[in-house]
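Lettered A, B, C, D, E and F in written order, each chain numbered from 1.
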Amino acid sequence: MPDFSLSTETKELLENVSVATLATALYKRGLRNQVIQDVHPVKRKGRNMVGPAFTLRYMPAREDRNQLVEFRNPKHPQRHAIEICPPGHVMVMDSRKCAYAASAGDILITRLMVRGAAGVVTDGGFRDAMNIGELEMPAYHNRPSSPTNLTTNEAIDINVPIGCGDAPVFPGDILVGDDDSVIVIPAHLADEVAKEAVEMTAFEDFALSKVRAGASIIGLYPATKEESLEEFKEWRAKNGR
Amino acid sequence: MPDFSLSTETKELLENVSVATLATALYKRGLRNQVIQDVHPVKRKGRNMVGPAFTLRYMPAREDRNQLVEFRNPKHPQRHAIEICPPGHVMVMDSRKCAYAASAGDILITRLMVRGAAGVVTDGGFRDAMNIGELEMPAYHNRPSSPTNLTTNEAIDINVPIGCGDAPVFPGDILVGDDDSVIVIPAHLADEVAKEAVEMTAFEDFALSKVRAGASIIGLYPATKEESLEEFKEWRAKNGR
Amino acid sequence: MPDFSLSTETKELLENVSVATLATALYKRGLRNQVIQDVHPVKRKGRNMVGPAFTLRYMPAREDRNQLVEFRNPKHPQRHAIEICPPGHVMVMDSRKCAYAASAGDILITRLMVRGAAGVVTDGGFRDAMNIGELEMPAYHNRPSSPTNLTTNEAIDINVPIGCGDAPVFPGDILVGDDDSVIVIPAHLADEVAKEAVEMTAFEDFALSKVRAGASIIGLYPATKEESLEEFKEWRAKNGR
Amino acid sequence: MPDFSLSTETKELLENVSVATLATALYKRGLRNQVIQDVHPVKRKGRNMVGPAFTLRYMPAREDRNQLVEFRNPKHPQRHAIEICPPGHVMVMDSRKCAYAASAGDILITRLMVRGAAGVVTDGGFRDAMNIGELEMPAYHNRPSSPTNLTTNEAIDINVPIGCGDAPVFPGDILVGDDDSVIVIPAHLADEVAKEAVEMTAFEDFALSKVRAGASIIGLYPATKEESLEEFKEWRAKNGR
Amino acid sequence: MPDFSLSTETKELLENVSVATLATALYKRGLRNQVIQDVHPVKRKGRNMVGPAFTLRYMPAREDRNQLVEFRNPKHPQRHAIEICPPGHVMVMDSRKCAYAASAGDILITRLMVRGAAGVVTDGGFRDAMNIGELEMPAYHNRPSSPTNLTTNEAIDINVPIGCGDAPVFPGDILVGDDDSVIVIPAHLADEVAKEAVEMTAFEDFALSKVRAGASIIGLYPATKEESLEEFKEWRAKNGR
Amino acid sequence: MPDFSLSTETKELLENVSVATLATALYKRGLRNQVIQDVHPVKRKGRNMVGPAFTLRYMPAREDRNQLVEFRNPKHPQRHAIEICPPGHVMVMDSRKCAYAASAGDILITRLMVRGAAGVVTDGGFRDAMNIGELEMPAYHNRPSSPTNLTTNEAIDINVPIGCGDAPVFPGDILVGDDDSVIVIPAHLADEVAKEAVEMTAFEDFALSKVRAGASIIGLYPATKEESLEEFKEWRAKNGR
């Protein structure tokens, strides 16, 4: 699974489109299940999280393997993953949609941020969520969860294909999160989807401005009337889009 | 199902009572399931949404009937409903309590607002929720949901009786939403329930002021002590309620 | 079940540690299920709720026993509990994890606050949540729920052992809530756990300051390297911890 | 809560009607939530279970209070309840709708049967369900659950009002179970509901025989046509009902 | 929505293939959600149910509209639907995946059978399930549910497009049920899918016979080895398939 | 992860004890979550399934990677796993507790049986369950699920540690299934737990015979009375246990 390299250009494009628009662009390509379900920003950041996925897989914890002493192991997969996640990447955790116990806490997530990660996503919950929300790095989870992750989660695999919130995530896939949700763009589609989403966003912004000014959506969204497309062309020229 | 006409007077009364009080007024009449369950304001507005229901029913989407091209149909029920919802009405969507994909997005909801609707409610989720929350018109859903609604929802019927969050909704029923929840008042009960709720609210405000001043709830709430009723009479006179 | 007396000292210690840290301290003692699951602050207070549990148990409501007239009974368990909850205590309600109808509303919760309670927790939902969130006293629930509690809940027992959010709660156990969650500390462990959690918090603050400054978590958290412990000793001296 | 005495006559009547018919009879009296939800026969017996409720309440287990040694206590509430449940009664367990661990196993349930109980119901699950299903005494649960009950359940109260499968159960209420479900008849209604249900059953049997013979349900069920009632009268005479 | 006419030939083909095979045939055509989820035979019949869909839509019941007296109305939609469902059709009920109360009971379902229906499916539950299971006509539901359907369901629409167990069902679609599940075949695809499924079944039977005799699935299922296809040809000739 | 070798002796011991007894034996060792939750026999076999775990991990399916053509790949992990699972082993599938689509069907499971596997377990569902239930090899799942597994599941890893029904499963762990449930015994504990469970079973059989004969459980189960232990000794001698 060779790592697709996220270009600076594509990254910038993806920083300026919504997850909803990206979901539609993937829908056109037959991909319907790429939005991570029931995962929310720990705190809304007003900007997009963008980066390739670096994954961590949890399994149910067995008590004899998950005493606090385990964390003393320098190669404990949860700790190790935090230390080797490449800068610019988004760490994505398969917590089996279980928020009974934490996926991680503020010390680890702060370390991840200091190391240059672009963000973190779990389909479980973070402990110290009140602190994690205040970090500059975006974080997404289901809900705050204070028990130590050893209670129900054992970190078992680093950077393997996983599920997160019922979406498939392969290492290197491009994760984009906005103030609503997070989406997984297959690596090989990132460039073309980014470009298309920027085009779609231009049209949506145009349509929204028309709607605000009183236009009907019929014929405009989608643009089945010829005049809508012409007006859009003018709008783009005028607004430099 | 003749449309009950919501009088300006009743509308004003309903703007000044809480959903909780209305729920109790309906409970007295044997109606126990009129609060739409697990639906929340996209963003709290600090004021009530009030209006007659105009409904939209979704069914599970079948892939061959729900490609993006469908939106080019000017009579597509979702688009059409947005364009014909009468001003002052609340659009209520039966999304089968499924927030996997969106019930609608910001362009459509903005159009609905511009057309004069009083609000919108779905038991699914909105995409572009971060934008919809900023609109002046109140909107309620379960959680943000970014996938296009075609993914799991096909709009199939306009203005028929529906379920929304396990509550029964008939076209013309009066919807009232506050910062906590949304309730469905059967149309024929709206006038009497509005009046009763205003009376109940006056008493609750009186009781709360007494409680804040140190009074016990026993004998006061409910007012089983004669003196509570007398004090209330005085309080009303003094406070113009 | 003699009431353990919460000392002023222990209370102060518990006001300055997180639920996450307390969860780990209890985990060390073999207690894994003491965090109340899926219960959230009605509104974040930025400070801890601390106090012994005073419990209320609800059962499913039977219609003939739960008409509004029941509240006229001065010994109705819900009303009675509010009036006898000792100052400084946290009222904990076993609502069977059912938020279909309210566990209580703002008049009762205000009365509870005026009477000096330290807080209130339900694994159901509060009505008038928008008002309860504005009270100074912390309140925790699952979600706003506007129907009157008679709809599905009958208060049946006061100050008996209960479950709340799948955690066991015995009267007198010490409840601690922060902006993320609420935890139940068995009464006999409160003093020792409080002290230990303060020590753990000092170390966590030290570790976090190191991590912010660029330190790896390996060898630091947990402190498997000797130098980490020495640095911590210096940090404590310097910071008066 | 004085124990209503179940007469032999009422018991016999209840042995010959279905839970569905009883549910309708209670529905006429405004009681809509008396069927225990999502509870099934461990094995269908082809006959009704009938008896007054003797209840056992479980709470979430705290590890330090729920080691295997606890069962050595002769007054352990679970064991004690089995030994004091009056003959002819149905033991009803509030297991908080949690089948993660067992409510009881075959040794205890066999003891209960030998002691003369009429049946046992839990909204959790039984271990050794394959053996319990073979006992002559009817048993109802959600699904087989093999872990020892100490894992998540602590028996805490005997013969108090409880919830079971979201239905309210008071000690002495009459439980009736058939091959589909279990219902809770408030003690004071048992005699009249039993008689009414027998009458309803006679009519239902008549209606079914008509339907089998080709009659339309319109005018027959319910009997809005005069002739239906007359035919019913003849049918009763002929069939000795 | 013109009714597709189910030919005798297609009906016979569909009686001899499994729902699993049909699901794969639809999957090839891009239809992934046609199996009705979490619906089971009331009792296994060892033969397929096949027929065009005749639908009934339920909405949440409002108490004032759902007293027992409603059933006296000869045009009550639930009763009416039973009386007008065309012979050979399968009645499919959208009960909103709610088995709290019944979708119907044995008198109505017996009437449906006597009138010649091919079967009945609900995503809720049947009352008198123990009797319905004994009828010759196949019936599918989620679980037995004894409360009268008025408790939570109001029949509101006959023969409109519905959802059932999250699958889309249009009147006239062909329903096929076996001992495992029920599937919805869009009417216009029924003929071609039936034929294809028979071909697939022949191959599956061949493959299974090979596997039973010790063959590896690699190269056989699917038949990527040329020799597998040749052996299949011989097998068909020999077995008259 | 060296494969623990399951001795013939231990295997035989495990064939004669129940999952419930094994769960208690593991509970004594601090392991509380080893029973696979909500997984049932496709059909009860009246004998135990015993064997070391050989695992298969599924992730959510991405449409472009999961067309039917994928199965033509001779190394497709699902097919490959079936062909390399060692004789005597139990194949355990982590289907993410999702029974929306199948984990496997009868051709693959028959091949697994012919190859000598001891059984198969998924926390999803099998298609062709009606046929799989008739096989001699025991199979366990949540419920029948007819859609092809490509619909929601992509087989991604063979013989890695997984979760199944919220229980941790490591390759080589010993799986035991009876007519109620399936349990996971950590490989290194299998011998001692098997022996202990046989001893416990002897006592349980003794206790059950006493209870059937009228003995109280107090003092007998557990055997806190000295005489119970003596009687047990005699019973063992007499019954050759």
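Simple rule for what comes next: a contact is a pair of C-beta atoms (placed from the backbone, for glycine too) under 8 Å apart; a residue touches a chain by one contact, two chains touch by 3 or more.
The structure displayed is predicted, hence computed values, not measured ones.
Path length between subunit C and subunit E in the touching-chain graph (shortest route): 2. Comparing A-C with the candidates B-E, B-C or C-D, the pair whose contacts agree for more than half of the residue-numbered pairs is B-C. Taken over every residue number at the interface, the positions common to subunit B and subunit C amount to under half, indicating a different-residue contact.
With centres taken as mean Cα positions, subunit F sits 32 Å from subunit D.
Centre-to-centre, using mean CA coordinates, subunit A is 37 Å away from subunit F. Centres computed as Cα averages put subunit A at a distance of 39 Å from subunit E. Multi-chain contact residues of subunit E (touching two or more other chains): 32. Touching chain pairs in this entry, ordered by label, are A-B, A-C, A-F, B-C, B-E, C-D, D-E, D-F, E-F.
If you check the complex, the residues on subunit D that touch subunit F are 68, 71-72, 74, 79, 82-83, 100, 102, 105-108, 110-111, 114, 127-130, 143-148, 150-151.
Taken together, the subunit E residues at the contact with subunit F in this complex read 18-20, 22-24, 27-28, 32, 35, 37-38, 40, 44, 178-181, 183, 204, 207-208, 211-212, 214, 216-219, 221-222, 224. Within the complex formed with subunit F, the residues of subunit A that make contact are 29-34, 59-65, 96, 98, 154, 156-157, 160-163, 166-168, 186.
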